[in-house]
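Paired with chain B in one complex and with chain C in the other, chain A is shared by the two complexes that follow.
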Partner chain A sequence: MYADYVARRFGIMLLVIFLAVTINFVIPRLAPGDPIEAQLNQLIASGGGAAGDVQAMAASYRARFGLDQPLWHQYLAYWNSVLRFDLGFSLANYPERVSQAILAGLPWTLGLLGFATLVSFTLGTLLGGIVAWPRTPRFLRAAGSSLLVFSSIPYFLIGMILLYLFAIVWRVFPAGGGIPFGTTVGLNWSTVSGLAWHGTLPAISIVIAEIGAWALGMRGMLVSVLGEDYITLAEAKGLQNRRIFVWYGMRNAMLPQFTKLALTLGHIVSGAILVEVIFSYPGIGFRLYQAIQTNDYFVIQGIVLLLTISIAVAMFILDLIYPLIDPRIDGRGR
Partner chain B sequence: MSQPVLDVRDLIVEYKTPKGPARAVNEVSFSLRAGERFGLVGESGSGKSTTVLALMRMLRGGRIAAGEIRLNGVDLAQISEPAMRRVRFAEMSLVPQGAMSSLNPVLRIGDQMADIFEDHGVRRSAVEREGRIERLLEQVGLPGTVRWRFPHELSGGMKQRVCIAMSIALRPSLILADEPTSALDVVVQKQVLGTLSRVQRELGAAIILIGHDMALMAHFVSRIGVMYAGRLVETGPVRKVFAAPRHPYTKMLIEALPSFEKTAAFKGIPGVGPSLLDPLPGCPFHNRCPMAIERCRTDPPAFRTGSEDHHAACHRTEELADA
Partner chain C sequence: MGSALSFEFGRLASNRALFAGLLVLLLVCVLALLGPLFVDDALARVGATMPRQPPSAQHWLGTDGQGRDMLTVMLLALPQTLKIGLVAGLISLSVGVALGLVSGFAGGWIDNIIRVGSDVMMTIPGIAILVLIAANVRVMTVGLMAVIVATLSWMVATRAIRAQTLSLRERGYIQVARLNGTKGLKLIFVEVLPNLLPFIAASFVITVSQAMLATIGLEALGLGPQNELTLGMTIYWAQFYGAVIRGMWWWWLPPILAISLIFIGLMMTSIGMDSFVNKRLGGRS
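On to the complex of A and B.
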């Protein structure tokens, strides 16, 4: 039964990845203009070299990248390289490979955003639950509700304010970068403290900005769950308030939060572009920003592909654990 | 006669509304002896369910404005909230109305029964507790293995049986059953009610059954109370009330029951109940009552004793009794 369910979910994931790779292949080829000629023209314009042989150079580059082959041939070759995680070269930072660029930025982004997302998920969910619980003391509910105001402030704005106050006015935290210069990275105290010191401001700005969204979602769900008949019976049973809150209220209201968490975690590989740019944090978002600025098609393409695949994988993992958190989804096609 | 299990005196429940307080329950008094079966009937909005919620002190948005609720001698209207929590299910349990949705969908049946013992400080070993839960389930006609199931794996009738098993877990002296079968089909209704009846007798607990189905009620309870517009308008032994109702509203309710003997047009009671916000002066039923006289419009009728324990709040109750 469960094996069936897993197989079906796995099939769906493979289908999503297949479509994502295919679309990722097709879209750039539908775009008007020739990226190679555009790039060459740019090089020549900036370098001031001879303009005559652009056509010949473009043709040789096309041959070099296999772009003179028939489309189906290119498509198969594309699959072949994707499977080997060979996403080609960065146009802007040639000869850096796209896979190198991604691998250089990914740990930073996963660390920063994974941490910040889990913290804001936990705090926001708890906050939403406390605000919605009718037996919460009034002052606590008022305080909690006022925190929700932050959800309406964009996080780059919070980032800029934090940066101004803590890095420029008070100089408590560094203004940018991922780790102090000259740190030898390893499993030692200076690495950990350096990472934390540099990661604090960007993490706080993400947490502050996202906590409200988690709290709002949780508040809405818990309010509707608290109107259910099983809450009334739980109260009639004379259960402790804490048990009703956690096991009858929160436990049921949590379900949509998990879906949102999986989607959010799937998204973090694309980075938090604005936060990373503001704090010049060396993550994927910063790379993506640079790539967009320099028309670095292959890097953009690679990051977008990574994003779609990681969302598909995150949803698959969510499907696997969902029967554990909601027994009504038990793998019998429901 | 020994002390009653439950003694309700002049209970008044009010809901706060923007237009002022609405009296959902108005000066209701009744009492139950040990093991007695009492039925509360009335149309929607007559205050039956509110009465039950008031007994459990679980009114949402409402409050007990006045009156006493003595359960085994203790006035529940006065005790603290933590003390009230300990009374729930230990001394007075509830079989809920919405059987389909009254169980927590993410917890196994056994866990939802075990937490009753845990939160009421019943310390038992895990093995003992498992055995107790298994016996409770068997008592209501379910296999003990149901404790491993989730609610969505059970039928409506099974879920209601689980609720009945829960209600007797701590051996309370009073069970409140708020239309326990309204969500079930007719065949299952009879079976579930039969089960409730059996476990109640075995336990020796008193029971209050809420309902609007007069016929179902007649089979189950020994004494009946009829509510109208938040007031108790007639109480008495169920046979006497059916044979010779002493309030015109009860009479019309009974006449509205379909009968096999005579085929006639289906009779209802014309009109709707009065607004609770703006109660009628005099008798609350006078605008729908075929027997209303001038006095009923101005003078609220007191609860009057008829024969033995058969009472009604009507100015013309004697004429009804003679008819």
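On to the complex of A and C.
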């Protein structure tokens, strides 16, 4: 059964990667006109870069994509370059390679996203449990429920309000960037504190917006778990409330939360892109925004491809882990 | 006794959520319908007034960095934003319901294809593909925006309707109708669809809210309709001209509040509907 399940999920991952690469190949070719020429003309019109650069770039692109060759040939060539992680050059920052731009932004995004997701997952799950637990004081439950409202608001809107309050009005945190200017990056205190100082506001805006979603899921699950016979038995046995809450209630209600993690991964990443934009945080999302601003087509394409593939792979890995922690999942239900 | 009481309370609370949510949405819609009648379009053009004015008696919400009256901008942007959400929601709901019904009824390889398709689409982060499409479209309009967003938000409705169709298919009255010789389209439209209505309504709310989330995200990245006023584009321009850093709260706060209000209304409606729909189902079986 597990083998079937793994095969199915693996197939879906391959299909997603195949589709992502294909869409990346097809969409620019559906647009009217020659994208490279249009982009380069725009670049010349805006006065950026010397004429020699532009010619060299155009030649390099034509050679790279073999635009004079038949379509299937171009398609195979595209696959070949994608597999070698060769995504072309940045138009705005020539001769920077797209792969370099992505690698430079990746650690920031992964760090911010990983940290914020971990915190919101933990806090949200706990909050949901507390709200659903019938012996929680009423005011605490009401306060917890009102937090759920934030889950419906896009992350970056909360980010803008936080930015205004904490960076402009009260000047507690910096208004942008990932680390104080001139910090020598290394394993030292100034790096860590600088990262934390700059990362706090973006992380908090993601956490505030996410907590509610986790809490909602957890509340629903815990309510149904608390109706199970084994909870009644535990109560009849005279076990302590806390023991029932943690070991009988929370532990069983938590498993579907991990499933939800995979389903919301795409949503979390999309939200984080805009949070990075608001705080000028030097990750992938901010780079994407800059690329859109400067019509830097190959950077846009590269980042989109990377996001899609990495989410597909991450979901596959999560899917592999679930049946191990929750034997009820065996692929039949999904 | 205690559980019966809390059940009644839960029902009341869920209806209250539905009621409050619908009320908020109604208010927003009324504002969107009537608002544009009371404003002068000219005030929403670049350079119509003195730029960067804080709220005053003359300009209730101040003016933005390019001299547009913010109140006028807000009232004109609101209906456009709702329009994108509703149109995108309707398109993806129709696609979702159609695919869900076909998938649930046909079964076999058709069902498999639709299921794998929606699984795959769920895995692809919508905004990534949207960015790619939007970056390739020369002139973005409100209508085109709705279509683009709709192509990537039909999966939730498809899954929900498919699951419900599968369970409805086995119900007694459907079997009876089948034995009586009701077939194909008549079976679907007369016997199945009316019973799916609560689920369709619930899916619609979720679909609209997803579509609006995607739209506003795209617009905030600068990929929205450049020549039309929407709430997301207002936020984009505020961000572009550094309104937050310059302390011009009257520029970015109104669109944020309007968007938040819409989303809170949608969420409360969705939560209310969810328990309503589930109660109905629980009561019947």
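To be clear about the criterion, the second predicted complex is superposed on the first by the 264 of 334 C-alpha atoms of A that agree within 3 Å, B and C clash if a C-alpha of one lies under 4 Å from a C-alpha of the other, contacts with A are read in each partner's own complex, and residues count from 1 in each chain.
Please note the rule applied: a contact is a pair of C-beta atoms (placed from the backbone, for glycine too) under 8 Å apart; a residue touches a chain by one contact, two chains touch by 3 or more.
Treat the numbers as computed from the prediction; the structure is a model and nothing was measured.
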Chain B versus chain C as contact partner of A:Ile161, first or second or both or neither: second
First, second, both or neither for A:Glu228, with chain B first and chain C second: first
Partner chain in contact with A:Lys237 - chain B first, chain C second, else both or neither: first
Touched partner set for A:Tyr297, first chain B, second chain C, both or neither: second
Touched partner set for A:Met57, first chain B, second chain C, both or neither: neither
First, second, both or neither for A:Thr308, with chain B first and chain C second: second
Partner chain in contact with A:Val269 - chain B first, chain C second, else both or neither: second
Contacts of A:Ile317 with chain B and chain C, given as first, second, both or neither: neither
Winner by number of chain A residues touched, once chain B and chain C are compared: C
Touching partner for A:Asp326 - first (chain B), second (chain C), both, neither: first
Chain B and chain C contact sites that coincide on chain A, given as residue numbers: none
Of all residues in chain A, those that touch chain C in their complex: 11-13, 15-16, 19-20, 23-24, 27-28, 30-32, 35, 149, 151-154, 156-157, 160-161, 163-164, 168-169, 175, 263, 265-267, 269-271, 273-274, 277-278, 288-289, 292-293, 297, 300-301, 303-304, 307-308, 311-312, 315
Touch list for chain C against partner chain A, complex: 116, 119-120, 122-129, 131-133, 135-138, 209, 213-214, 216-217, 220-223, 235, 239, 244-245, 247, 249, 252-253, 256, 259-260, 263-264, 266-267
Complex interface listing, chain A residues touching chain B: 228-230, 232-240, 243, 247-248, 251-252, 325-328
Complex contact set, residues of chain B against chain A: 56, 58, 85-90, 93-94, 96-98, 101-107, 115-116, 119-120, 150, 152, 163, 166
